[in-house]
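The following pair of complexes shares a single chain, chain A, combined with chain B in the former and chain C in the latter.
Up next, the complex of A and B:
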């Protein structure tokens, strides 16, 4: 799973896709997760990083995390598996 | 080094909810680095705001509507030329391009340069010819049908599914969800812009525009794509952002290479959910949002003037991505005497 390389993520949480011109806002934890994805961490590493830092449980995190990933795919901000393999 | 000064006539000074490109074009020309300008506004109506923007337009002359005929326009331009010694005219309305293209050789002989599409290019890209245009140049376009008679609308449901677009030959487009709406828009639009009416397949997706400049030899001098972010009820962009989409730029370069387009243009594009691009319209002039291109590093109006003057122009190769334009309206306070001057004497 990779964030498209031309997607810009600001520290304040603004995502801009220069191909489509779409922009989105995410909260500070969203930014942290996006940065972890950009640094090529796998889901387990991302989960560990967030659970170490915040007081939440695995089930809650996983639900929110996969919802978030689904939204990123929906808006074409993540590369598909085929694209990543290519 | 002192820059040469050019006297440039510009139309399209209106700024209603479907604004003319004139004021944006002039802002670009005033920022040109290769020449200084004296701007002569050419107006059709006394309430075109550009007439009263004295830091934008130096002097304005009214000109006759295209319906008055080419000879009437020529006579008026001869009068203006005697007084102003114009070097270049930039027409900014679709409806006036036909007479200006026709007059190009005569105006050239008077010392007025233009950089317009040829009559063939102008006609070929017309909405009524878009199907053939797409086939000839291998560019995806929505299916369309030209109607001259209201009675023929009843056959449409067998050829198009609802919704469908009902378009005027120059301006206006409405989305129709029933035959009753098609009839209503047919009457409304044809009353304003005449016949034919164009029925076009509705492509669901996101709207994009590309503005640019072709040198008439197939080369791309400039091209800037933009996503509309805020759209008025007339479908006009009131805000937009530059994007970097290679497919869109490839389509633009293909259009210019294959047609050898001469002059400024705006492509109206729709991208469907599968990422396929459709060319909806080719506007044969610069768009009202042209100042965004200047803001991202491509002063396309300046390049157009230099091409008109026969200068060599280096193509733009880059632009800033992610820059936005946000349009606003501004109430000017104008003395009645100025309105009287342009209304009665046709000059200000």
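Up next, the complex of A and C:
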């Protein structure tokens, strides 16, 4: 799972996809997750990083994490498996 | 090291080119207290869902309504519309504030009597009054508002039988220029039905025609329509005086004043657009004062407004059960509040506020209730902060109709708590129990299950 190369994410949470011209806002925890994805952390590493920092449990975070990933795919911000393999 | 408060990750597409000048803001500001009592403590004590009623708001609202009318018309009487909210504590507050009782069934009539309301101060409306109900009302000298000719003839017979002279009014329906025109109750003004009924009453000599009543609609957004209604009833009253030399003592304009809730499909919130008590009072009193009543013969003006007096005093506290994503990517949030206890969510876009603080991030959310029914939707679309499972919300302006039209459906109806003017909470209706429900049911002996069998099954 990879964030598309040309997607720009600012520290303040503004995300821009120059391919489609679409802009998004992301909350701080979302920015953290996007950066962890960009740094090629796997889901377990991402989960550990978030659970260390935030007051939540694994079940809640996993549910929210996969929901978030689903929305990133929906907006075409992540590379599909086929693209990553290629 | 303490951890940071968790908020689920969220990404929101920025939409350009489609500004919505009618858009309402997201309710970020949490409602942590109601009349000085913390929402957290109420939930800890009574759980959710929980209805909370503010006595202070009720008293302030009725005072505001009275002031609007008293400053414009010399003789005004409010009658509390029981069907809007007939919890005993609520009715008692209105009676303490000087309101009479306006009832529409034998059950409500008995409720008013049980609360100590003087029979002479009970207005009995509605199309269904049994002979037993009417007898009771006649014996108590209550004001009976006749809905149809069958009722008129029944009262005539009862008056003869009881050798009493009932005090009656007729309900008049009319065209006030608003749609839909309510013509199913009472006698029509324009086609002469109302005048016929008046003549029948006056010629029978068995009843005393003391008033004229109308109720032109519900959630009325046009004060002007009340002015039309007041003029038409005034004309009828003056015709009675002219023909029979009989004075109509009161004109009852019913209820129907809109509260500050927002009707579904409205562009702007009800708080910004709906008429105030002053607007209604101005239209009604101007029409009556401009009619041909002599100054010393002005009839008493009776008002039966319910919704506008109680809606804002009611809150419903709930908890988030779950957050989901629909097949189309829409955020769905499930609350423990269903349409079975929030009937008015079919009509209104109720304001929903979080009960704890959040960041400024939000999502467009569809809010569902917990019922296993597709119609259980509290808000089709509202912008809410990122609520987590177990977080609490406050739904506003739920005081009217919900605590009378609620349904016991698959779960039990919750506690209702009143916060008094000293900011002290009181339970005014207990949460239902399984025993309450079972106590009304009977199992024929051939279907009976022995208790020991139940115990065995459990073990």
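By our rule, the second predicted complex is superposed on the first by the 86 of 86 C-alpha atoms of A that agree within 3 Å, B and C clash if a C-alpha of one lies under 4 Å from a C-alpha of the other, contacts with A are read in each partner's own complex, and residues count from 1 in each chain.
What we mean here is this: a contact is a pair of C-beta atoms (placed from the backbone, for glycine too) under 8 Å apart; a residue touches a chain by one contact, two chains touch by 3 or more.
Treat the numbers as computed from the prediction; the structure is a model and nothing was measured.
Visitor: Report for A:46: first if it touches chain B alone, second if chain C alone, otherwise both or neither.
Guide: neither
Visitor: Which partner does A:8 reach: the first (chain B), the second (chain C), both, or neither?
Guide: After superposing on A, A:8 lies in contact with chain B but is clear of chain C.
Visitor: After lining up the shared chain so the two structures overlap, which partner does A:20 touch, if you call chain B first and chain C second: first, second, both or neither?
Guide: first
Visitor: With the two complexes superposed on chain A, say which partner A:30 touches: chain B (first), chain C (second), both, or neither.
Guide: second
Visitor: Touch test for A:65: chain B only (first), chain C only (second), both, or neither?
Guide: In the superposition, A:65 contacts chain C only.
Visitor: So in the superposed three-chain picture, is A:56 touching just chain B, just chain C, both, or none of them (first/second/both/neither)?
Guide: The second partner, chain C, only.
Visitor: Examine A:78 and indicate which partner it touches, taking first as chain B and second as chain C; both and neither are also allowed.
Guide: It touches nothing on chain B or chain C.
Visitor: What's your read, chain B or chain C touching more residues of chain A?
Guide: On the superposition, C touches more of the residues of chain A.
Visitor: Both chain B and chain C contact which residues of chain A?
Guide: The overlap between the chain B and chain C interfaces on chain A comprises residues 22-23.
Visitor: In the complex, go through chain A and note every residue touching chain B.
Guide: By the definition above, chain A touches chain B via 6, 8, 16, 18-23.
Visitor: Which chain B residues qualify as touching chain A in the complex?
Guide: It is residues 206, 208, 226-227, 229, 240-245, 271, 321-322 of chain B that touch chain A.
Visitor: Under the touch definition given earlier, write down the residues of chain C that touch chain A in their complex.
Guide: Residues of chain C touching chain A: 2-14, 323, 325, 329, 359, 361, 386, 388-389.
Visitor: In the complex, go through chain A and note every residue touching chain C.
Guide: Contacts found on chain A: 15, 22-30, 33, 53-56, 60-61, 64-65, 67-68, 70-72, 74-75, 77.
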